[in-house]
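Read through the structures below before going on.
What follows is subunit A paired twice: with subunit B in the first complex and subunit C in the second.
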Partner chain A sequence: MFQRTHAIARKFDLQGSVIYLGFIAIFLFFAVTLADDGFLTTRNLSNIVLQTAPATIMAIGLVFVLSAGEIDLSFGSIVAVAALSAAVVMQEHSMLLGILAGLGAGLAIGWLNGALVAYLRLPSFLVTLATMGLFAGVARSMTDLRSIPVISDVFTGFFGSGSLFGIPSLILWTLGAVIIGHLIYRETRFGAHVIATGDNPRAAQVSGIKVPRIRLAVLMVSGGCAGLAGLLYAGRLQAAKYTLGESDLMTVIAAVIVGGTALNGGKGSVVGALVGSLMMGMLNNGLILMGLSVSDQMIVRGLIILFAVAISLRGTSRA
Partner chain B sequence: MSIRKMLYAASVASMLLGSAAYAQTVGPQGETATPSASITVPEDKVATLKEGKHRAALLWHDQSDFVNAVTAGATDEFTRLGIEVVATTSAGFDAAKQRSDIETALAKKPDIVLSLPLDPVTSAAAFEQAKSEGVKLVFLSNLPKDYKHPADYAAIVTDDLFQMGKQAADALAKVMGGKGTVGWIFHDADYYVTNQRDNAFKTTVEKDYPDMKIVAEQGISDPARAEEIANAMLLKNPDLGGIYVTWAGPAEGVLAALRANGNKTTKVVTLDLSEPVALDMVRGGNVTALVADEAYELGRAMAATGARALLGEETPPFIVAPAVTATADNVKEAWQQSLRVDAPKSVVEAGK
Partner chain C sequence: MTGTVEAAARPVLELNNIHKSFGGVVAIEDFSLDLRAGEIVALVGDNGAGKSTLIKIISGVHAPTSGSIALDGEPVSFSDASKARSSGIEVVYQDLALADQQPVYMNLFLGRERLRGPFGLLDRKAMMQETQKLVDELDVRIPSASAVIRDLSGGQRQGVAIARATHWATKLILLDEPTAALGVAETAKVEKIVLALKERNMATLIISHSLDQVFRLSDRICVLRRGVQVGVRETAKTDKNEIVSMITGVA
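For the complex of A and B:
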């Protein structure tokens, strides 16, 4: 199916659109096979978007990092630290301070990652591998493994269960982040500099781009996005826990790669990352609704991701 | 009756009450336990259930032998009652994934949900939607915060945690002739399941076996450190008669320490089934007994509880499934009784 989709994409010069065709193919497959199982209900479809909102926001941050030729493995741990920081601060102080603490924690860890990469010239893979473990430990020790409830209805409404004009707040956050991320990536000088840095750092440096500053900035963007994802998780679960974000690393990386962002820099797509993330959520959802055992769900999901990544990488390399 | 006699009677009564209170598993909110065997669906109601074409979802916290056996027990009982299992999930201990799993499974409109809430705080919001849609919730071991029985959930079902610890103490006492020194390696974390089991072992040794003394106590939070902990314990107490280990994972490390010390006399008891530990037992090594829960029966009881709730029958708030002691003599039967699968080939062959 994917081979054929790819052929069609090439014929119509739609290599960059392979992800969208793959997404539609999977959607149609589930829509037909699970027609009687509630897949197409508005609630189920909106559930998919709600459930993937934090991962989508993390994916947007990662698009910037990968496009600049770097990687961030620590965003899962940042999610937990940010969510816990916000929840702990809100126990004693105002909601606004809680939000600032959560986002601030994300940006600060992003800055630490970025400073080590940009100014000490350490590889981002090793730096963020280390900070991933470091901040997973910090998250565990912050509250001694306890979950912290978030009781502010305003906070949980704003970041989790609320809605505006009938549209759930998590969908609005997703849309807002994708639009802003896309505009920055495609329409600003910063976005162009990120891509140029990832494509060829030496050429970028020669042409006057401050490469270290770009590296610092992309890791801060990723930290900030992870911080926001932490707030969304805390709002959705009405609590924060050290395990939040822990299992998102592989899903988010897969979503971004499937969405057409090159693993070695110089190319990316924010909208593609959104579609990749929705595809991951749709797979989880559809495979559960199919009634498969947990092991079978893992096997099928792994195979589909493998296909999607292979097709997507071939598509982007020829584009 | 003289005042002295009244005081004597009162003290005897309080001792009896005290021992009755300690001698059983109590629920997370102090609920009294009901044995799982008493939870059944009346035969004359099975036809009504079958006509209802009901659906159930199994939303687990993780994947393991234990979860597989609970799933098998629940699925067999649901099948017998004509209830279709429409979704099975594993959250991999991720609270956010558990919330998503619940939302996804609700699209299939289950009437019953069996689940282990990962954490009382995060799961309170996660199960809210299922609760408000009138789904019958049967919880394994944990309870979401502020949920009330029977309005919010049908029951909590768990292992008979006290019996597991007690049976481990009884098995160790039997092999030690009721006397000698004991090392107690407990789970050093605020975790309801292991805390109850560990304390039951200690309480039983202290109350029922006056000639056995716990001379060394050591907490463990990382199973990988079991070997060094056991080494330190043996260094200080080289003539330990027995060691209790909180569960089978760290018991493997304790066995490694005993073997490295050439120690063939210290007896080991632990909880849950594990192939390497059972192998040591049937080969006549240090391990004398493994105490396991009847996971299949636990799953059956969860399914039966959900079905009873659907029928509007009464369900007790806290139900416990029995424990089984596996020794070299009954390891094959115990494995079947606990997990409803054959004992591993290596264990069966070593026991021949």
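For the complex of A and C:
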């Protein structure tokens, strides 16, 4: 039994990661303390999964970026620009064009980040810090701070409230993204090159890996994931607004780190990012049910994230 | 018949009047050398003489400022390391160039992964098996092919880097101080591997600060002093005193 779980942990890159214990501890804590407040109801638990869908997808993109030794701070702003692009295009044109506009915006901003990092050799921290601000501004000016309704039932069903065989579409999106993300990360040559680039760029380069191309690609993956997350937000809320994705930066980075991805590259886990993201969602949900004020929620969440990140970094960085 | 004689006589690698400067700093002033198949040439010189720089020029990491390189008689100019690699040149760098958090087998196959199936997924099993076979053949003792580099000793890491180079090289191997960090037994093992390269008809250029080792392994010794090639001697026809005075420039 132990052998077997160990083998599974290896397969999914979970060894040394304490995330499961943390996940179970938080779950048990809320299950006991919030037993009378409806935490354990199926409805509440499935709500947690639905609400974290966009963050999980952003987290998957970030696993690739961090594994390659880069960072993306701009994905929150990309979410807003992508959602607004889709909503605006759909007012005049078909749904399909709207979807393409949303994903295209994400990929284009990811390409801009990536080109600056890969070919001008600017640090990704500074590049994406700048584009984070830049595209937050673009999102605000696109519609003069107005919210744009998304009325297509097909769109909101596909990206939001719909379901297939009784499974909510947001859960299907999450599952699909995790499975595809995991396969690409663990089982393809591209994934191996991403990890090697973050581990030792010089070794990667003398091994024939096109390191700049990998750096460009991971930032485009992150941009594309953020674009998809924007569509999911627009689908679920049936509207797009510049505030979408604004508050996700900290939780997504925390989810990825807690999930066993190294901040300085060479190591990561897509499945871990999913669990980390669910943990953050559970935390948000529990703190709201506990009746904490918004400011108290922020403080407690910040402290717990600090604690969780500290533990998972200690757990994984053995010498 | 004449064909074989010609092939044997033609050098695998020809370096002619190589010059390299980094900004204002001249690292290689004037370097020429021919390397033949099945031959081990030792490159010696003091710290900072330009030995590592020369290796990086041959392997395409640096472009020479002037001078020419020919491989099998064909002039080449490698724009990056992967071009030299695909021409059959392998290098063990002084700093090894391994991805520390990855397993041994991924390092051996980095950039040349084995794939399987219609989707071209990584064939980890095949890579692991091939790696295991290779390290067994070379007597590199590592816990397993899936051990992570960071968990290996310095000697084991060196073994992995050498195994990778010997596995992929078809023409030329460049070794930059391959035994600098090794103990007596490990050094002997590496020397055995290097001598075995001769039997595979490989051309080998080895950098070493140990003159004992140089005299044990090499057919010829090439001396580099402050970026200038000051002479090549046949190992059998020289002695340590002559080489030392060539290295230091004191007669």
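The rule is short, and it goes like this: the second predicted complex is superposed on the first by the 301 of 319 C-alpha atoms of A that agree within 3 Å, B and C clash if a C-alpha of one lies under 4 Å from a C-alpha of the other, contacts with A are read in each partner's own complex, and residues count from 1 in each chain.
Assume contacts are C-beta pairs under 8 Å (C-beta built on N, C-alpha and C of every residue); 3 or more make two chains touch, one makes a residue touch a chain.
Everything numeric here is computed off the predicted structure, so don't read it as measured data.
Touched residues of subunit A were counted for both subunit B and subunit C, and B has more of them.
With both structures placed on the common chain, the touch criterion links A:39 to subunit B but leaves subunit C unconnected. Of the two partner chains, subunit B is the only one touched by A:293; subunit C is not.
In the superposed pair of complexes, A:284 makes contact with subunit B only, with no contact to subunit C. Of the two partner chains placed by superposition, only subunit B is touched by A:244; subunit C is not.
Subunit A has no residue lying at the interface with subunit B in one structure and with subunit C in the other.
By the touch criterion stated above, subunit C contacts subunit A in their complex at residues 59, 61, 80-82, 85-86, 91, 93, 96-102, 106-107, 110-113, 115, 119-122. Contacts from subunit A toward subunit B in the complex involve residues 37-39, 41, 43-44, 47, 50-51, 54, 145, 147-149, 233, 236-239, 241, 243-244, 246-247, 284-285, 288-289, 291-295, 297.
Contacts from subunit A toward subunit C in the complex involve residues 183, 186-189, 191-193, 195-196, 199-200, 202-209, 262, 266-267.
Those residues of subunit B that touch subunit A in the complex are listed here as 60, 63, 85-90, 92-97, 99-101, 103-105, 107-109, 119-122, 124-126, 145, 189-190.
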